[in-house]
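So, here come the structures, one by one.
The two complexes that follow have chain A in common; it is paired with chain B in the first and with chain C in the second.
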Partner chain A sequence: MAKPERRLGGRRREALWAALALPGIVWLALFFVVPFYVILGVAFGTVDPTFQTPRPTWNPLDWNTQAFDFVIDGLVSRGGVFRHVFLRTLVYVAISVVLSLAIAYPVAYFVARFGGRWKGLLLLGLIAPFFISYLMRMLAWINLLQDDGWVNDVLLWIGILDAPRNWLDGRASSVILGMVYGYVPFMILPLYAFLDRIDRSLLDAARDLGASPLQAFRLVTLPLSVPAILAGCVIIALPMFGDYYTPDLLSGSPKTSLVGNQINLYIRGGQQIPVGAALVIVLMLLLAFLLAYYVFATARAQRRLSG
Partner chain B sequence: MTAAAATAETRRALPAARRFRDWWSNPWGKPRFLVFFTLVYLVWSIVPILIAIRFSFNEGRSRSTAQGWSFRWYTEDPDLSVLHDPDLSAALLQSLRLAALAVAITVPLGVALAIGLTRWRGRAASTSRFVSLVPLVTPEIVMGVALLLVFVHVLSFIPLGTPAQAIGHVTFSLAFVLIIVRSRLLSIGPEYEEAAQDLGASPLQALRLALLPLLTPAIVASAIIVFAISMDDFVVSAFLSSGTTTDTVPVRIYSTGRTSPTPALNALATVTLAITLVIAALAFGLWRFVRAARGQTGSAIEEFARVETDPTR
Partner chain C sequence: MATFHPREWRYARREFLQRGAAGAFALSSMGTLLAACGGGGNGEFKPPELLLARPDNPVTHPLFDDNPLIASGLEPESGTLRIYNWNGYLWPRAMKNFGKEYGVKVELTTFSTMDEAIAKISSGAVDFDVFFPTPDRMSRLVVGKLLQPLNHDYLPNLAKTVWPSVQDPFYDKGSRYTVPYTIYTTGIGYRADKVTTTPDKLSNPYDIYWDESLKGKMFLLDDGREAPVHMLFRNGITDVNTENPDHLELAKNELKSLIDAVNVKLSTDDYSHVPEGRAWVHQMWSGSAVSAPSYLPEGTGTEVLGYWFPSDGRGSIGNDTIAIPRAAKNPVLAHYFLNYLLDEKHGYDNFANYVGYQPPFVTLDPDRLVTDEIVPANLKSAVVRESDFDTGYFQLELTPEGQTLWQVAWAEFKAGG
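Then we have the complex of A and B:
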């Protein structure tokens, strides 16, 4: 799009825009960019021999790789400490994302396509979880999953269980339920926003050309929504990778410990903070890889649609 | 006609199970499966919260079975209720304090950043635009660790507790303000400021008199969002807390969720939820009121803006 020519005082205006942006840029530099370097400094730093507090090393030439060696060893050696945790995190996140998509897509599709006069009310129901704290929503499930909670009551009444089951003693199913329950609203809204924008005339055209509604969905709506599906998966997968409170609240057992739990343990347990910082860096590299794949997959999907 | 009659004939001959399947999954009829699925989802998503709220009114100490109704865990219990347990009321106050600070700092900072980054065309602008969006894809635990280490090892004159927590909340909510205001700015376009300047306004006047009124809906929306995500935040508040006095409601839920012996925690969560909803509703109502009070001009300008920026024109 052609931009209008610079007006009188264009330079002064540029200066005004830069001045407006400056405080925010300084803030982000100070509290977002610098902190990342501090993670590096701590991860590659040393530990005070008497107080066990980390002593960050700022000069990359003097970096000490002890903490990293420990993390890498825990990742690659057979039976290493971090190997299981990373694998478990990948599996939990993958299952939770797939389940979330299986729930989010039909709901978003229904509200976008068939909401009709109920759309406002339905949207309110989809937005409501955003105003309820994630931790409160986990608290609700702690209440329900207790030994004498309503989940056991219902399962006993139906006859699925013979005796009440302790759902909160380290079950993968409880943690995954919590993650799906916690994050699925964040996937539904972007999917809804996208599906709502799909041009109906494309569907009408498909129908006119003889496609059944299911075929129209499979051949038009679904391929069109691939970028939105990918975006929705990434939006919920990223926070899931850093989650430690869901396993802590709904299981509390080392059997369901995730990468986030390990980071929390090392950083706040106090003894080996550089190891915690090194784990954060490994997690960030993993997520950067994931994001790069997302960008690649989205570009491929767009190419496929346009050509 | 005959075809329809034949269909009716076959339908009558079909067994009940088959008829149900046709009714249920007829691709040309209403999507009954989707209706059912969506309703089940909504029930599943909202009923656990309602049950947690219900237990907060328990008369007994159970958090998992219904035991009568009372305000015991809100106000009546002399030691353990939200009102009288100092830890619980402190958590509520800390959550509200941080949310207020976050809104007060993030909204002006973010609006200025959004206007600056959207209109400014220097090379530094595109880098800054990219950096400002990275917080959105950064898991909270990464940000929590990064901020904790920076406050302990570099900016150690900023104490952990309220100051550090407030800075953390501003940092992760800035990107949301940026996105909301920026998308509105892009849809408004630069024409209004240029018109104002052609009529003799200085750039700053053009900003204040032409642009800011048009941005009001986006500013109100971002204030509501910042308030809600600050109230919701757990990880950054937990990492930057200096002890029980600066624990927020989510931190309190985390640390006592499994061990807490009474429904007072449910009561605390319910009060927090109610406050969040009331403030969001008030902000929304205020915005509607302001728009109505401005009368036709306000909506006419919006209408005009919408037509002006319609991409199909």
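Then we have the complex of A and C:
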């Protein structure tokens, strides 16, 4: 890519560009930095014993680490409470992300490559169900999955099942199904946007040089789409980590509860709101770690592509 | 303690949607909440002494010079009456009719947990006229001076319609700050046509929760007090306000054993899960049992429903109250509204047409409700009797340490270790 040409008065122009970042900075400060500090204050603070409202501690020198100690202990000690939940959440999210990718990639690929003039319509069709709120769609799944619901009807009709199965008996697969269904469009969109931009002439060149269609896909399309795959994974993994209503609605069993459920439990009331806030921060650290990997991995993928 | 509550029953799902949406803002609203409580520092704050009421330790709440009751004989204000209540816990027509009678507007705001409500009221940012607190927060509300004392001159219906024992309840002797609203028990609801045995046939009725034929169809209330309490009952412990760590450990282990035995599930949709067949056994609030028939699929008779509560009345019982916040803008009108809901006819209509949780009225006995076809005969045990108030076990206010003990046990069970 050519560098933008430097002209006279460039410095003033630079100041202008910097100024344009101001709204973004203010936005971040107002809606990220300040709330984040509030959560820190709550996590290291106390609770009003009369009204049970959190009394955040603003001065880091006065921070009370009791809630954090409790959370860390639950994470590292053998058989710790939070360890199970974090592990379960990691596993559920990982499986859901992989499944989402397995569904989203072919769909996005098909629309981008073969959609032709129907592209817009196909995309709209894919996204249309998602104009309905996430919770409404989960509630719809309850009806589909219940004993006399359509899922059982269809499976019985095909002959896969002999008797209706209780999909809502608190099984992990139903929760994962809900998460995949709920978030898959957010995977399709970035994949589609990326795949659609892949230069066809690169594929033609690969074919000209003797690659089979499969080889062309494996050696050209797939490596090119790595950044999009990573972006899609991050986009859906982040909200999945905070999900608590999918397991609540589609399972309700303690066996499928996630970190979000524990946070919700502690934040909703009582004397231990700081524990809820500390869980939020631990979860954020974990996500920050994953995001750092994402930044690193995309940078590497870009380098590879341009190198 | 993060408690759900029977009041969530009717609109639990709708409320859940709102909560889900609100969840996205939970963190930012926490910020406002914090800002509102003035960003306290550390340590220097000495909490006022809480008076923890128990049936054998009745509490007369103190009056404060700076929180006087209103004078007698005042005319009701003409401003908008602002009500703060659980969702779906007041018949809309009752509000409309009251407004018409007194020529005022009535406005309802809802909350989803008692802690959320108290946080909002204590922030001083709101000035509701009528509030529906639970007795398990009574002392906090009084010592925090969030409620104003009631002037009984405006409440003649209290003595006329309400069970004598609840006119002068142990948690608020003399009804200084509250009047009773509803009363309910917590028992076991079931589908009589699906279960292999019913609680009343077992030597220990609570054993039914471990019945392996119920796998995937057994629910406990998603409530950090209610569910552990039935675990204690199973083991003969009736101190439902225990702060003995051994008791909580026991309750927690009992709960956890249900995960493997029947893959226990948690919900507060008892009123619909049982009639719709999603649950065959569900720990249940009596008010949910009363409303369950209306959720039965068409063509299914009410005889498939069952509700068990110990016939000797030695089970879990609770009640709700109505109060007037100290900051009320229309305190006289609010007194009139309290008296209105305590009126025999209005209170009955509110219960029978909408709420499903009965007011503790002298005229409401099980036989009458069956005759009136409000409750089918096989759910008669869901009607609370006055004697239950004396024999039942109330879940009441705990010390902060006790609350933490309960919550940690509950959270550990919910994590599903």
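Heads up, the rule we're going with is that the second predicted complex is superposed on the first by the 265 of 307 C-alpha atoms of A that agree within 3 Å, B and C clash if a C-alpha of one lies under 4 Å from a C-alpha of the other, contacts with A are read in each partner's own complex, and residues count from 1 in each chain.
Here is the rule we use: a contact is a pair of C-beta atoms (placed from the backbone, for glycine too) under 8 Å apart; a residue touches a chain by one contact, two chains touch by 3 or more.
Since the model is a prediction, treat every value here as computed from it, not as a measurement.
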{"item": "Partner chain(s) touched by A:270 [first = chain B, second = chain C, both, neither]", "value": "second"}
{"item": "Contacts of A:69 with chain B and chain C, given as first, second, both or neither", "value": "neither"}
{"item": "Which of chain B and chain C A:146 touches, first, second, both or neither", "value": "both"}
{"item": "Chain B versus chain C as contact partner of A:199, first or second or both or neither", "value": "neither"}
{"item": "Contacts of A:79 with chain B and chain C, given as first, second, both or neither", "value": "second"}
{"item": "Touched partner set for A:208, first chain B, second chain C, both or neither", "value": "neither"}
{"item": "In the superposition, chain B vs chain C on chain A residues touched", "value": "B"}
{"item": "First (chain B), second (chain C), both or neither touched by A:42", "value": "both"}
{"item": "Partner chain(s) touched by A:255 [first = chain B, second = chain C, both, neither]", "value": "second"}
{"item": "Partner chain in contact with A:57 - chain B first, chain C second, else both or neither", "value": "second"}
{"item": "Doubly contacted chain A residues - partners chain C and chain B", "value": "31, 34-35, 38-39, 41-42, 54, 56, 133-136, 139, 146-147, 168, 244-245, 248-249, 252, 264, 267-268, 280"}
{"item": "Chain B to chain A touching residues, read off their complex", "value": "27-28, 30-31, 34-35, 37-38, 41-42, 44-46, 48-49, 51-52, 55, 62-65, 109-110, 112-113, 115-117, 119-122, 124-125, 128, 131-132, 134-135, 137-143, 145-150, 153-155, 167-168, 170-171, 174, 178, 190, 194, 197-198, 203-204, 207, 228, 231-232, 234-235, 239, 249-250, 253-254, 257-258, 265-266, 269, 272-273, 276-277, 280"}
{"item": "Complex contacts: residues of chain C adjacent to chain A", "value": "1-3, 13, 16-17, 20-21, 23, 26-28, 30-31, 33-34, 37, 39-42, 45, 47-48, 50, 113-116, 118-119, 122-123, 140, 143-144, 215-217, 219, 222, 224, 259, 263-267, 277-278, 400, 403-404, 407-408, 410-417"}
{"item": "Chain A residues touching chain C - in the complex, by the definition given at the top", "value": "31, 34-35, 38-39, 41-42, 45-59, 62, 64, 79, 81-82, 84-85, 88, 133-136, 139, 146-147, 166, 168-170, 244-245, 248-249, 251-257, 261-262, 264-272, 280"}
{"item": "Parts of chain A lying in touch with chain B, wherever the complex brings them together", "value": "4, 7-9, 12-14, 16-25, 27-28, 30-36, 38-39, 41-42, 54, 56, 103, 106-107, 109-111, 113-114, 122, 125, 128-144, 146-150, 168, 181, 184-185, 212-214, 234, 238-239, 241-245, 248-249, 252, 260, 263-264, 267-268, 273, 276-277, 280, 283-284, 287, 291"}
